[in-house]
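Chain nomenclature is as follows: A, B and C, assigned in order of appearance, with residue numbering initiated at 1 for each chain independently.
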Amino acid sequence: MHFLKYMTRRVIFLLIMLLGVATMVFIISHLVPSDPVVAHLGQRAMSDPEIVAAFRAKWGLDQPLYVQYWRYIQGLLQGDLGTSIRTGNAVTADLAMYWPATFELATFSIILAAILGVGSGIISAVKRNRLADKITRVISIVGVSMPIFWLSLLGLYVFYFKLGWAPGTGRISPTFTPPADVTGFYVIDSILEGDWAKAADCFSHLLLPGFVLAYFTLGLISRTTRSSLLDVLNTDYIRTARAKGVGSGLLIERHAMGNALIPVLTVIGLGFANLLGGMVLVETIFAWPGVGQYAYQSVTSLDFSAIIGVALLIAVIYVVINLVIDLLYGIIDPRVRLQ
Amino acid sequence: MKEAVLEMKQESRLKKLLRDFGRIYTHNALFAIGFTICLLWVLVAIFAPLIAPYDPIAQDFTQRFAKPSAAHLFGTDNFGRDIFSRVVMGSRTSILAGFTTVILASIFGTIYGGIAGYAGGVVDDVLMRIAEMVSAFPALILAMVITSALGSSLFNTLFALVIVSWPNYARVVRSMVLTIKENDYVAAAKALGTKRSRILLREIIPNTIGQVMIMATLELGNAILNFAGLSFLGLGAPPPAPEWGAMVSDGIDYFFNWWIPTFPGLAILTMSVGANLMGDSIRDLMDPKLRKNF
Amino acid sequence: MKKLLALLLVVAFALSAVACSSQEAQTEPAATDAGTTATDDGTQAETPAGDAAAGDKTLLIGVDPDYSTFDPAAAYEGWAAPVMMALYDTLFRFDAEGEPQPWLVEDYTVEGDGTVYTFKLREDVDFSSGNHMTSADVKFSLDRIKNLQGNPSFLAADIQSVETPDDYTVVVTLGNPDGAFIYKLGAYSFGILDSAVVMENGGVSDETAATADNASQWLTNNSAGSGPYTLASYSPDSQVVLERNDNYWAGPADAKTVTLLDIPDATTQAMMIASGDLDVALGLNADQVSALEGNADVELHYDGTLNMLFLLMNNDPAIGGPMADPKVQQAVRYAVDYAGIQALCGPGSVTPQTIIQVGFFGALEARSTDYTDKEKAKALLAEAGYPDGFEVTFSVITNSTEGIKWLDVAQKVAADLAEVGITANIETMDSTVGYELYRSGQMAFAINAWGPDYLDSNNQLAFLPGETVGLRANWEYEDNPEVADLGKQALGETDPTAREELLVQIQETIKDNSPWLPLAQVGKVTAVRTGISGADYSNAYMIDIYNVTKN
């Protein structure tokens, strides 16, 4: 019962927040002292009052701001995010097209980063201040210290250009036709089609951008795991357990890891959200047709509906991630009550 | 009377900190390396005009794309400017901007997250939802609004960076506070009737500082990079003044003339690695539970 | 999310040229590199996998495109040209010298003082749908571009009527004589649509088109033309796939499938063509292809373009301050180091003396790099009352033209001006904000770029006093009525000799007296794998896909 109440409140908050995000983005993007007209019309057309008027009328830009806002919110309540001026498609359709590419890459990267990050963090904590710890720490520190676009190009240069281990850019080689859209994940969809060669090709395209993104994130996860685990290993109950003769491996597994996981989870959640941001550049360099590129293009062309659409999508993801993390807190550490 | 005691206590804390610093510097190699790197960069920034052999903005089209040599240690860029001089002079803007952003964002984020986590209930919900809203905000738009509304300046750029980076701190701190406040000593303080604000500031927030420091040090390199990215949009240090991140991002276009993006990139990398190594160890230093393990 | 900030911004430059209103609408024929023929040394280009039998060739082209629609009456982006010219035929087509030659037209006559054009159409043209092309399709297409009120509508604005006396005759009546009309008809915007198919999908061509037409979206994902290719698929920010029209009336193209891959990053493109994963790379910059020089499998072509970077010195003293003084404007002309600017703009770049680019009909020859004279500049500044120079804000939109960053060129200009005492403080801004200021004539001193809308000098007369672009520098009609009138005269002149005389007269008058300073027409580098021929850069079409063959 308590849980149900909690969830209801979170969902209500989610809705209020989405409205808030939409409103904020709407107001702020309209505050920019420029005009979608200049972004979408050519040098000649933008000086022709008739064409400008037709353009404004077509996109409802001739209405007072509050009317535009009201129309937008009305549409939003019906699940209509409006139409992108740039692409001419419904924003929901655009997002549905761009999102799977981003989601596939981000999911792959965060899994990689979580495995490598938590693993190296545990090694670091257990072997604290020994050589293994120092090497792990330096490797992960270098990862977070590298400009990600530099790392991307370096990765492409070494593993694609020089060594030829990784395929070029994009989600799939031009020789294959993209798999039919079931999950939106090319690898999974290819497997569903039973085409293992295609699945392998798509997977190989994931590797390089996936590792670049993961390397960037795993440092954060590794370091948080290490420090969090160290905290827990020094608490009284662990020392008691140790005094009782519980072995080191078992100690980590049974007693320490659960409590240490809380900050780690937060960081993984943040990491995932950050990945979505980091995608913009990686998507550009690896020519990955995802939400990052869509967002960038929308912002540079003042495509209001698309900008708000992306903001809402990211907001929903944020909220869902945070909700999941909060729920996990409750499971891992019963002392943290759901409030 | 009470204040005098407090002062004494603080003084002894400072002394203890210095003593710990000496001990950690001599015993912890990674800290020593990180600290030395950072110190070197700060010194470079202070004495930059004395170190730089050339005017960092002087163009020389007869020397475009010169490879690293004795005349140009780090080579020259597409304007024939000396990259070594630019890296040295650029340390001033980059380091200052990085530190300022991280310090302001972490202070604000910590207090904000601390209040949210400790207060709990509706306050927590509202505060964290606001933080999420800010996180979810397309930062590019925000940056553009700031440029066009306030005009472009160093201050406005830092302002924009702080605005978009504080929610991360707030969230981590809040999640830690949720755990910390369930601890016995907090319960004990509460039972003794200690004021809530005092519990928060004295008992809870100090216990989050380790994590915040880690985040802050990790963010330092990012802050330097972010700052650079903003200059493209008309925020930040206007060209031709040298600045590391901008040098890397511009230099990426000349990837095959590797020295152009590489040296400023290495400057960011070393500064960031130094700060990170130091941050890890400072955390150890500041965490009372770990201190006895040295 | 915080990283989104940095990263968005960091990419900003790489991408910022596109998607905004700079409209480098490439429409020129130009200096195509004569030496770029197929190498016949027998080296088989390393072709991408999947290149099977000879009849099944695939062609992979790397681009950093700006297109978002393939509706001829709505598209206006420079990179739409190669796609549009593969999908649609135009009445006239530009040859290698940049002259429009009859294409769908067999023959034509001009009457009524140059206002009535009678076109006799080819009778052997079928659309890819199988429909036969008639004059009704031409009328539909011309009416639609005029009435849709889109970006290219101004090209057709002066068309008064389109008549179809019979199935293969079209009579177009203009409101005023237009010496450039045939040049305009060569632009892809005048691609001839299969009217039956377009109407089936919501197309409207009459006066209500601006609101009633619903075909644009359909035309973005499908094609309805008679061109050598059809649009197989368009995945925004990913790729455009073209499928050969085997029944093309002028003979089928060489490659069965052509894929234009979106690869925004130039360095990535360079690596891909070096590795053989691309046949043609169009998104490279001259300065970053050093890795490709000396690669036996890749040929590099350096060409000039008609895309011009220029300085704006506002003519209104209230806005431009000292920059409004003609003496100061001339001092700036003397202060700029043109050789250095051209070095930044890549091999193939030249500096035109005036607003009419080198390569255009009636253009003056290029400005000599010896023109630079810092002493004269200082003397002029002193004469103008600024012996110690002055400070001015230099507005720079973070944009780029063919990979040349405006900010880079601006830094060079600022350094040159500093040598004569002018302190130009660079103020950078995003394009959406910057273009608004530019359009409304509020920039005191700025750098900007111009790509012609159609391949004729008339297009450039917009820079004259009182005209669209002239007003952006607050160069009013009254400021120089003589030149303004000459410009109007030139627009209506259809006799080539008289037109050339007028154009030369205009240019001689303003070359050292105007708020404009053309800096350079930027260079363009194209990389192709050996075995590919016909991929030369063309000002009209960027690349004419129909002509590309693969060995």
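Assume a contact is a pair of C-beta atoms (placed from the backbone, for glycine too) under 8 Å apart; a residue touches a chain by one contact, two chains touch by 3 or more.
Computed from a prediction, not measured in an experiment: that's the story for all the values here.
Peer 1: Give the chain pair that accounts for the most C-beta pairs in contact.
Peer 2: A-C
Peer 1: Greatest Cα-centroid separation from subunit C: which chain?
Peer 2: B
Peer 1: Taking each chain's centre as the mean of its C-alpha atoms, which one lies nearest the mean of all protein C-alpha atoms here?
Peer 2: Centroid comparison flags A as closest.
Peer 1: Quick check: how many Å separate the C-alpha centres of subunit A and subunit C?
Peer 2: Roughly 37 Å, centre to centre.
Peer 1: Take the average of all CA coordinates in subunit B, do the same for subunit C, and state the distance between these two points in whole angstrom.
Peer 2: Their C-alpha centroids are separated by 45 Å.
Peer 1: Taking the mean of the CA coordinates per chain, how far is subunit A from subunit B in Å?
Peer 2: Each chain reduced to its C-alpha mean, subunit A and subunit B end up 23 Å apart.
Peer 1: Quick check: what residues of subunit C touch more than one other chain, meaning two or more?
Peer 2: 1-5, 7-8, 10, 12, 14, 267, 430, 432-433
Peer 1: Going by the touch rule set out above, which residues of subunit A reach two or more other chains?
Peer 2: If we look for residues of subunit A contacting two or more partner chains, we find 32-34, 149, 153, 157, 273, 295-296, 299, 314, 318.
Peer 1: Taking each residue of subunit B in turn, which ones touch at least two of the other chains?
Peer 2: 135-138, 140, 142, 144, 148, 168, 222, 225, 249, 252, 255 - these are the residues of subunit B that touch more than one other chain.
Peer 1: Please output the residues of subunit C touching subunit B within their complex, sorted ascending.
Peer 2: Residue list for subunit C touching subunit B: 1-10, 12-14, 266-267, 270, 285, 287-291, 337, 339-340, 343-344, 398, 403, 405, 407-408, 411-412, 414-415, 425-430, 432-433.
Peer 1: List the residues on subunit A that touch subunit C in their complex, please.
Peer 2: That would be residues 32-35, 38-48, 50-51, 54-55, 57-58, 86-89, 97-98, 148-149, 153, 156-157, 160-161, 164, 168-171, 173-175, 273-274, 276-281, 284-287, 289, 292-297, 299-302, 314, 318 of subunit A.
Peer 1: Touching residues of subunit B toward subunit A in the complex: what are they?
Peer 2: Subunit B reaches subunit A through residues 28-30, 120-121, 124-125, 128-129, 132-133, 135-138, 140-142, 144-145, 148-149, 168, 171-172, 175-176, 178-179, 182, 210-211, 214, 218, 221-222, 225, 245, 248-249, 252, 255, 261, 265, 268-269, 272-273, 276-277, 280, 283, 287, 289-290, 293.
Peer 1: Once bound in the complex, which stretches of subunit B touch subunit C?
Peer 2: Touch residues, subunit B against subunit C: 57, 59, 61, 64-65, 78-79, 135-140, 142-144, 147-148, 152, 160-161, 164-165, 167-168, 222, 225-226, 228-234, 238-240, 249-250, 252-257.
Peer 1: What residues of subunit A sit close enough to touch subunit B in their complex?
Peer 2: Spelled out, the residues of subunit A in touch with subunit B are 9, 13, 16-17, 20-21, 24-25, 28-29, 31-34, 129, 134, 137-138, 141-142, 144-147, 149-150, 153, 157, 219-220, 223-224, 227, 230-231, 234-235, 262-263, 266-267, 270, 273, 295-296, 299, 307, 310-312, 314-315, 318-319, 322, 325, 329, 333, 335-336, 339.
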